[in-house]
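The structure's right below; bear with me while I get my questions together.
Just so it is clear, A, B, C and D label the chains in written order, and each chain counts residues from 1 on its own.
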Amino acid sequence: MTDTDARDVSPVSLTAASRPDQPPVTPELEDLYRGFEKELLVPLWTEIGDLMPRQPKSKAQPHLWEWQTLVELAARSGNLVPVGRGGERRAIALANPGLGGRPYATPTLWAAIQYLMPGEDAPEHRHTQNAFRFVVEGEGVWTVVEGDPVPMRRGDFLPQPGMNWHAHHNAASAPMAWIDGLDIPFQYDIEAQFFDFGRDHLPDEERTVPDRSRSQRLWGHPGLTPVARSGRTAATPLLCYRWEDTDAALADQLRLEREGHPSTVEHGHAVVRYTNPTTGEDVLPTIRVQFHRIAAGAETAPRRETGSSVYQVFDGSGRVRVGDFSWSVQRGDLFVVPSWQPFSVASDASASDSDSGALDLFQFSDAPIFTKLNLYRSHVEEIAR
Amino acid sequence: MTDTDARDVSPVSLTAASRPDQPPVTPELEDLYRGFEKELLVPLWTEIGDLMPRQPKSKAQPHLWEWQTLVELAARSGNLVPVGRGGERRAIALANPGLGGRPYATPTLWAAIQYLMPGEDAPEHRHTQNAFRFVVEGEGVWTVVEGDPVPMRRGDFLPQPGMNWHAHHNAASAPMAWIDGLDIPFQYDIEAQFFDFGRDHLPDEERTVPDRSRSQRLWGHPGLTPVARSGRTAATPLLCYRWEDTDAALADQLRLEREGHPSTVEHGHAVVRYTNPTTGEDVLPTIRVQFHRIAAGAETAPRRETGSSVYQVFDGSGRVRVGDFSWSVQRGDLFVVPSWQPFSVASDASASDSDSGALDLFQFSDAPIFTKLNLYRSHVEEIAR
Amino acid sequence: MTDTDARDVSPVSLTAASRPDQPPVTPELEDLYRGFEKELLVPLWTEIGDLMPRQPKSKAQPHLWEWQTLVELAARSGNLVPVGRGGERRAIALANPGLGGRPYATPTLWAAIQYLMPGEDAPEHRHTQNAFRFVVEGEGVWTVVEGDPVPMRRGDFLPQPGMNWHAHHNAASAPMAWIDGLDIPFQYDIEAQFFDFGRDHLPDEERTVPDRSRSQRLWGHPGLTPVARSGRTAATPLLCYRWEDTDAALADQLRLEREGHPSTVEHGHAVVRYTNPTTGEDVLPTIRVQFHRIAAGAETAPRRETGSSVYQVFDGSGRVRVGDFSWSVQRGDLFVVPSWQPFSVASDASASDSDSGALDLFQFSDAPIFTKLNLYRSHVEEIAR
Amino acid sequence: MTDTDARDVSPVSLTAASRPDQPPVTPELEDLYRGFEKELLVPLWTEIGDLMPRQPKSKAQPHLWEWQTLVELAARSGNLVPVGRGGERRAIALANPGLGGRPYATPTLWAAIQYLMPGEDAPEHRHTQNAFRFVVEGEGVWTVVEGDPVPMRRGDFLPQPGMNWHAHHNAASAPMAWIDGLDIPFQYDIEAQFFDFGRDHLPDEERTVPDRSRSQRLWGHPGLTPVARSGRTAATPLLCYRWEDTDAALADQLRLEREGHPSTVEHGHAVVRYTNPTTGEDVLPTIRVQFHRIAAGAETAPRRETGSSVYQVFDGSGRVRVGDFSWSVQRGDLFVVPSWQPFSVASDASASDSDSGALDLFQFSDAPIFTKLNLYRSHVEEIAR
């Protein structure tokens, strides 16, 4: 990683120019470099080391945010900061320490805790940014998406494709917190964003709380496509992936492994990917979302991949290593894995043949950007155990 | 439809030659036509009316086979015809009356009743033909596919992609009948078939009867992909689509319609398509499989589509119209809808706001052949009601 | 392969029933089989050997048609058979000796010589059948496709996607012959066909003979897409592939091979495939078209592939082997390679380092049907040289 | 565009906090915000206006670089800065005035003038960044890509897909300048980059100067795929798109328009897109490259699209408008069109029916990033003429 943020340096760095691979600094060269600066030009030869590294050198840093701290600050915000049109959401974003104070968990991803007091409404809007909600604790809030109310409960994953109208309401008697993931930094950097305000108040029929959303009733049956709504869509039409299904899928993988059948990505490591049932591809055009279960006593091999991830501990506790960092983690904690930094995790519990003691991790990443643009790479380190 | 089967006519039909759009029959013309015949040539101008019709003229005919008759004949076969290597299966195929006695339900599709006595085994083999099983009554047979035992129960749909090893065993104390669908006629006509014999006896671990197959444990969770097995496959990796899921999906569509939300293909007509979760496309490369529920009191608009279908009544009773034919149908009855013949169906029950009285229809067709080759068309007739 | 064409046998063959793998013929069995026949049913166990062979057993046979014979018969037709509405085209089709006298070169493909006298018009029509023209000798005819006149000259390949309007006119002072290829048998068997008559007379502006068609001016520039017409299409928008380009591409491949660079499919064997520039896929949805150049002295390894091909010798002479057949071939000769029959070819000329003496072969096949439906296989036999 | 670069503000902006849509600044709120800052958190409600604008607000600015200035500075570099391992290339990049001095022409694209003195070599390397060369004047340099020497001449476009080995050599007696386009900023921001050094010296056989590269001999024939090399590739296998072809394609479009046939994107505006012949899609996974010809007297309608472009004037002169900017441009001039800023251009020449006087513009953009991620939008303003 470069020691200095290249964004702070002047267009032509004379410091760089005195390095051994640079031409000798002469009055003519200095004059040339002043000419470049005047004409809004920058030579490659002074910048190539930073611009075109031998392998990804992430400016983003590995970092851990503890859930209890986030919830406490969010609760204080609940008393001080109203929710309404303009600010739109009581969401508090992770700001990666390597990214200059910007509300960017990684160079491409936004991760925030959102907090809604009893009876509060977050007003309807839509935007090109792809989004989702994931619930680590609590229930009682519903999100209404394109007029379809979707209840939110612990373990539920709610994708929110770009340009879908959406609003939130807390119908419970207690505050509720959850996490939001979006591709805000990515769309900000490439300058793709559109945003529209929606209705200020939703009609009563959109404020009911059905047990299942309409999208789930149409699309939530495994392998079954509703013919009236068939056709490929860029993002999933299924707006809620229920915890019961995710949990069962992970448990099935680990049991199949114990029965001797290939089902896990490595020993004791089950993974499901949330997918768009119209294509089998990632659930959102720019965001990959996966759920990991590390069996009691298991440890994953260090793995690098291009692109960045945010993880949240859903259950259990364990030990995480990312590059030179290492943390103990527990329920709700959030951490960042930057591009190409080796990542591994171990559950705290002792090995057992039961299903208990597993470490459950929710993950989202920018992998679809890399896979669709032919930039995805991964590497698993061989380790002796 | 042509009155005569062109397959029976001589290469150059002098009958045709005397039609008004044909050249006058002279000795020179007769000599020319003899020259054609000798050199294995056929002119277009005598054949074009049959070969290139204004719209599809199916040689296949609409036809109904009653389930009770099929089951009685299959049961007699159970006593007279052993199952084993060579004959491979006790399967009895529908032979469309328009297709010259061939065991072709339609020009592309095979449909048969298969019958297995208690304790019998149908030996393992594999073939390029894509296949499936559908169970209209009974249970107790399992199919083992690629070593994965899959139980079969009423309403279950079991796809069998080409070149998967498979065998059957009846572990129950009663005979069991079900239907097989394959693309045998299609692969026969284009000459694509390979066939391999497998093991004569399966090991005990493949003869157990788990409640859920391994494929279902990996792939049977809605919208969730097992990352260890991800990647597009030409056919579905999910080997059983359970009746509980199909039934729930159809019930959801009709209830959503009653609640005022778009969910059905037309009033009172719910349809689900069995799909490959790795792509969202048809469950098999050559066969589309769908399940229809016609609500009590509902009637579908006459619809034509290119390609042919076989339907089986799963539940309820109703009135079916195909081209100039019309039949009353009940549980288990099978019928054929040829290419471009208008098809409609009405449930016998009176209209009601409940879920009861619906007519349930299982359908399979050759639509993927048409869609992938840019040949698919459909047309719904407007009708006044 | 069955000795008799199963299409001729009765639904239940008692001959088959006396084979050793069949149940013993008893009065009960005979009664059962009569029951099957009465109810339009056919058992699998008597038919499986024919229906589901171990590997493709083509009913189509390898066969050679000599060009001189075809041209002579076509010329006689030119004097006896007018061209006009109803008969539509003076086209004479190859009838494979294994396919019962039907005008089918292979089970899926139609191949015909078409012949037009000076000044004659073949009237405009369109149809779902995909088609093409290939010119082995002569010039002077144009084909007008969707109002775009396309001149035809030796070596030119003119694809004709399904449902494009088209007509022909011979503007020269001599008759002209060329070959037509279509997927008529395939569409006939699956019952997909639509056909519409067009204008009886084309306006003068469509009867001009520009040097290049409009489609060539839009799409005939390598790697360049006209943005005004961009977007994927099921078939190629380029309506003529000129001989100069094909010849140059083949010559380049052989020269690159001589320079030591991988460029040919095997030693001395250059192949180009005509492709749809909007997708890079086959030029027509159901028909693959390729051009082979076998260098002087070269011989191809025997190769099997699923699906059938028709070849025409464009230039040179050589020796062709297909299954148990072997022929000497020369300019214009047409021959058929059925499914899975080994095919090899050698040029007559002695090996040389020049470009002369090569054997040029035009080929069309049904490979897209097989590749899109997951049924394509090929196998090259290792041979010692 | 925002007046201040949000990257410079502190994580929680109290300035923002005093805006009317913000909560009242109280000691408790200040304390909360200090808590956010300490814990590396940023609230959405202070940042949303900048982060999630109503429509793209580009930080990048429209800007023009004059070719003569670039060439003069590059020539001075030719005398002062050697080319060799480490600095790798004598390339001087456009630094957009809105992007903080970084060598970014736009938020995603790098554009540079590269300059090579007679006899000089730019050493071999490879990198994940997708690249291309475009030649506005001169000849004599070849680029060797994967061992295949490709000559460069005025009007030639040479794509350079990621991870292809490549080097340059100037075999002429005069210096040569051309432009390089890459996705360096995009890959830098998402942290995707890998880079490898290659051979320091190329063997003699790679230093020859054939008239056509091997890739052109394999892939440069319209609509013809070399079967030995078939298969979809993420980027084009054709490494040079010759000026003769581009020029002919543009001339054909304008002539077809004059003949009354649809061929141009709007009156007098021909556009070709460089495409990957294996897919028909964009020539590089992240970069769209197009060539525009504005006929004499024509003017394009103002058009917005998401994503950014760099244009170079290849021939002619004209008037360009981008947002609030307007410039007169001539051969070689480079300018930037940021995301969603309206862009139009008019040729200087008077309308004529001949081919002369047109304004030729080379364009590259990041459109594939937007199209593949479901973020592409465009809008053409209706104008009265």
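To be clear about the criterion, a contact is a pair of C-beta atoms (placed from the backbone, for glycine too) under 8 Å apart; a residue touches a chain by one contact, two chains touch by 3 or more.
These numbers come from a predicted model, not from an experiment.
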item: Shared chain contacts [chain A and chain D, defined touch]; value: none
item: Chain located farthest away, centre of chain A as origin (C-alpha); value: C
item: Centre-of-Cα separation between chain C and chain B, whole angstrom; value: 30
item: Whole-Å gap separating chain B and chain D, where each centre is the average of the chain's CA atoms; value: 53
item: Centroid distance [mean C-alpha coordinates] between chain D and chain C, Å; value: 44
item: Numbers and ranges of chain A residues touching at least 2 other chains; value: none
item: Those chain pairs that satisfy the touch definition; value: A-B, A-D, B-C, C-D
item: Chain A residues touching chain D - in the complex, by the definition given at the top; value: 6-7, 9-11, 21-23, 26, 28-29, 32, 35-36, 39-45, 47-48, 51-60, 63, 65, 69-70, 73, 76-77, 80-82, 85-97, 100-103, 107-108, 112, 127-129, 162, 184, 186-196, 234-235, 285-286, 306-308, 338-340, 366, 368-370, 372-375, 377
item: Residue ranges of chain A in contact with chain B within the complex; value: 214, 217-230, 232, 236, 238, 241, 245-246, 248-249, 252-253, 255-256, 261-265, 271-280, 283, 290
